[in-house]
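Below are structures written as structure tokens.
Same chain, two partners: subunit A is paired with subunit B first, then with subunit C.
== the complex of A and B ==
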């Protein structure tokens, strides 16, 4: 078990090859079984480290036995454990959801596994160049996943995503190069230890590095004004991929922001100004996303704008960077990942059953699909932050953090954001319960929706209520992560 | 942090409200058995959640639980309001839920600020700490909490959801909304007054404005349920006035009026529900002559109408007498009370005249009575109205006064109260005749609607604000170019901007 950290990343990566090899064995749905099994194996490996992490220790692993400043170093500490746990959980859910739609699709599952192992790599590595490599692995896999159905609009959306993220990664690479030139190391801990010295001698360089990294992570997490790829990429990709994008890929940007910024700049004076900057950018993101969602008629695009808005909430929490604020932010990362994944699942079921993409066409579908509508209602209440759902708990922490900091601007805009969120989600609910008799699209053959899709949706909706009622469980897992961020 | 306190009544005030919720809500359950035809399962599912939320708010021992249950109740009521699934019920429900969320966030922020000050959500502990807290902060928190609760109550100027939500909801739900749900907001205010030991005489102003505003607009309505909804605003004005007086008698009167208003307003909504159920009509122009067809409804309605106007011996008079005793000396407030009661009487004369008397329209020839399950709750409520009205002294000393921790004796049968009642009847009838002559009552089409009223209407202002917001968002959407070059330009602009701001 000493090799557990690397195995968590490598098992899904090896499974990629296995999924293709299942072509040669007589196993029904071999690729799916391999995908689920690899996720479960990684999850079990991760959980085996749980007790160590919860007690506040970190597990270090040197790749190939080379010690830290020279070789690549992986580390499982509170923060990475927390993120890896929910990535694996939601990754598993996404695979389970896909089981119904993509049968015998080896290419699909292998791409999904590449993306997931890329995410796990980003989370576990402590080498900044290695992080860049994993980001690229994730990006390449997700470009292809978005265009999986080869629709022209999806290809266009994916191209936009490609150009935007790659231009951001170029900046990230440049930032890494500058840091390497200054410190002579790529290990994050070693860079961090030299950071305050560099800041004293040459603050301009630190500003430059910070800005470039901010752009890189901002594009990934959808911060204003870098959010522009999100709506199209989310709405054009297949449903599980939308969930992957919204639930996990946006969160990876936030993880990188938390990890790198707090490690590198958290101790420096820069962080005070930078925190304010993130806070105000978060406020703009929050309000802008909500305003755009308010006038959006396409369901998946609306959900994408809603994701932008919710990321704004998390950015506000990160910008506050107090104990309570980060608690709320981390909690909201999990909550939003869960909720938005399931909301995309709902949207996917509705779209594949009715063939309609626009909310104005979905009037009165609650009679056709009472279960999905019910799940959608619970999930939208959770996004808005209505008790007793998980979204309430995290938003309450964020509001409380803003109150403790006496940041009344933030409170007013959080207030506005919650109201706008309520407005656009109730607009959808209102359409779903509309009295008009639902009319199917002419000459549309509804695709069958199997038990897997429903199961994964309901499980998450139930989980949202459960976490809302017992937030202490998640808070306990979060405690070591907070300790990593604010020692 | 959440649900760490048990749900048990804190004191007699909680028990009082618990009795109110727990005895009145089941009547709605009975009434609905016959009233609800479609989506039976969904209706009762949501109704039970709402009931649970209501019970939770009055049983909560900490402010966070109060907020949580309030929101559960709100969401439940939203789904009940849209249960009819008519075209106009969706905008009304939308307005309701958004305004409730605004109020809810005020309450949440006040709660969290109180937590930051005291380190606890528990009401009993906060009450103990209240004297040593900084006065300015406490006053601010109280103001926030008060605004939140005023949204829930539907007091002017936060009332705009109320006249829209009541008419579109199914009648039992209107009764629940007016009878129990808005009382929870009043409970929140009283609870906060007792916890923080502050009170705000702004409540008197809000109360008076609500009373006058509600009653004047109620006179004009021709939709039966909308008329009753405006009376809810006006009657809650009495409650706020009583609380704002700050004296023991005012507080007791306000609390007593909560109970009385709950019984007679529920009864009124259930009566009108029976009429709507029997005829399918809710406009006064199309009703009339139903007295012979629905005699039991006529009797129960008359009892409730006398009660709401404050005529002895029906229950409304008792609490109104206490409140007007509380303002004794202030001639202006006394006049407001008399005028409001007279206006109420006038509008119920109108309602009575155009539903039960007159000629039966040809369309309603086949009207028959309503099922026994609907009559039963109505008769029980009518009995309650009469019972409380006949024994107000016992009610006050046994039930209402202990709730605010005082022992109070009040002479309900003094001659002044009867003089007031006679005044109300004469003045009310006068207003009715005058209104009929000038067309103010809105029955015939020559009704005068001054054009400036349109610009003063808060509803209109809110709708305009909303449409401005929507246009703004549309503009924002248009500004959002779909051009990749532009977006890349934004990325590099952001980089430059970040550098600029950091250095």
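== the complex of A and C ==
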């Protein structure tokens, strides 16, 4: 399969049209079948490249046969393989979760597939303008997905997200323009090869480009001063979309940060200061997110603030930028994507069964739905980082990295963050297992929750324990990714 | 020095000022599009050469402007149009629901 890299992006995009065409054939739930099949096809194509990637090689693909600096170039290397794998896996889980709820809604699946193919495009492309275009594809699909249920507050949240993201992308485009003016190419590898020369002759330009890109990716991944869109957008959108936002869209911002920053600025002296900047912004993000989560009463909003806090941990790991730190960071990216996806699934099931949004109304809920409550407990232990869950492994790596760097400020605040995380998750668990009798909402008709929702939640909860018990499997897939970042 | 690049930067700054200070949703969307236009002007000006011809095969012996920024900015124009249309659609929905376009008042509701 010589064309596998482009097919991974294009198959979900073609499936978008097919989901709408299923209207004309007599096939029950045709859109859902098309969506699942396209994700599985992309996953199989990606896995077929697995052995080459694990052995440390990269697969290059020139679009239209035009070689690299002139044409657009796609590359599957360790880092993009790692990210594409978990994006496809979690994308599939999100589609499986939605199978039960949004019956026969072709529009929903087509938007979800557009978003997923946008994410895959961002991950696989090696052309910086192409990356911008895929970011916009992802963004447009996600604005519409947030407002899918047409709730007034969701429309407001979507507008806020739109204004913040788009103004950030204008800055990203400005950075691309400056880079193009300096280097005369849009290919990321060619720009990177000229970067240290530009830094020697004109360092101010490099600072400018760095700060613009920092704002752009910071908005996408929810870094401290730019996180304000997250709580509203996450809590107001439909449950699978909250999972998509928290599990994948925030991670794409981190991917872009890892890819572009390490490629462009990794070799320059600037990285010393830039790493410190990301580290301290990460510390503020993790403490602030945890403190704000502590006072939230709305379950989904609390999970959103928890996402901000966990992104802070990953930013600290990226800022340390040692081998061990990046190992912990990458590990925490995949762990947090899994955990937060499933936590939003649990919250969605609880809300659609009870009609309550607030934690104070969910007292004693474990008698009503023991399975979901149990899964929620396992997942919250994983977020806090209690062994034998996967969160423990990644947080241990991050703390080890901070210890070897002798960065005591980071260690103190990481421990403070973990304690705060424990505080707000134990508060939810305490409410769930409260001895009080659960009081139903008067005249609320619970929406039916099918097997698909439960299945996807339990699969992820099981996966979290499994990764915690056998972290070596993920570490093996991660090894080529680390080699790409720190050659 | 007045050329496309400096005018483009000024337009982007006008847009940033607008998006930070305006309280009306429609004006925010306008500022967004102004920012976008500024970047487009800047990017196209980077590839411009004074006296250059259009980059088509007939002119291959003459001085030509760089065609890549023009091609790339065509994509950005389309994206900007789509985003503005979507933002205005959201603004209509917000007005229908809340009967105001002021972000201060929207925050209270």
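Here, the second predicted complex is superposed on the first by the 487 of 487 C-alpha atoms of A that agree within 3 Å, B and C clash if a C-alpha of one lies under 4 Å from a C-alpha of the other, contacts with A are read in each partner's own complex, and residues count from 1 in each chain.
Assume a contact is a pair of C-beta atoms (placed from the backbone, for glycine too) under 8 Å apart; a residue touches a chain by one contact, two chains touch by 3 or more.
Model, not experiment: these values are computed from the prediction.
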item	value
Residue contacts with subunit A in the superposition, subunit B compared against subunit C	B
First, second, both or neither for A:208, with subunit B first and subunit C second	first
Which superposed partner A:167 touches (first subunit B, second subunit C, both, neither)	both
Partner chain(s) touched by A:158 [first = subunit B, second = subunit C, both, neither]	second
Contacts of A:403 with subunit B and subunit C, given as first, second, both or neither	first
Which superposed partner A:458 touches (first subunit B, second subunit C, both, neither)	neither
Contacts of A:271 with subunit B and subunit C, given as first, second, both or neither	neither
Which of subunit B and subunit C A:438 touches, first, second, both or neither	neither
Common interface residues of subunit A - those touching subunit B in one complex and subunit C in the other	159, 163, 167
Contact set on subunit C toward subunit A in their complex	12, 15-16, 19, 25, 28, 32, 35-36, 39, 42-43, 46, 68-69, 72, 75-76, 79, 82-83, 86-87, 90-91, 93-94, 97-98, 106
For the subunit A and subunit B complex, residues of the former touching the latter	159-160, 163-164, 167-168, 171, 204, 207-208, 210-212, 214-215, 218-219, 225-226, 228-229, 270, 273-274, 277, 288, 291-292, 294-296, 381, 384, 386-388, 392-393, 396, 399-400, 403-404, 411, 415, 418-419, 422-423, 426-427, 430, 433-435, 469, 471-472
Residues on subunit B engaged by subunit A in the complex (per definition of touch)	1-3, 67-68, 71-72, 75, 78-79, 82, 85-87, 90, 93-94, 97-98, 101-102, 105, 108-109, 112-113, 115-116, 469-470, 472-474, 476-477, 480, 484, 487-488, 490-491, 493-495, 498-499, 501-503
Residues of subunit A defined as touching subunit C within the complex	129, 133, 136, 139-140, 143-144, 147, 150, 152, 155-156, 158-159, 162-163, 166-167, 170, 173-174, 176-177, 180-181, 186
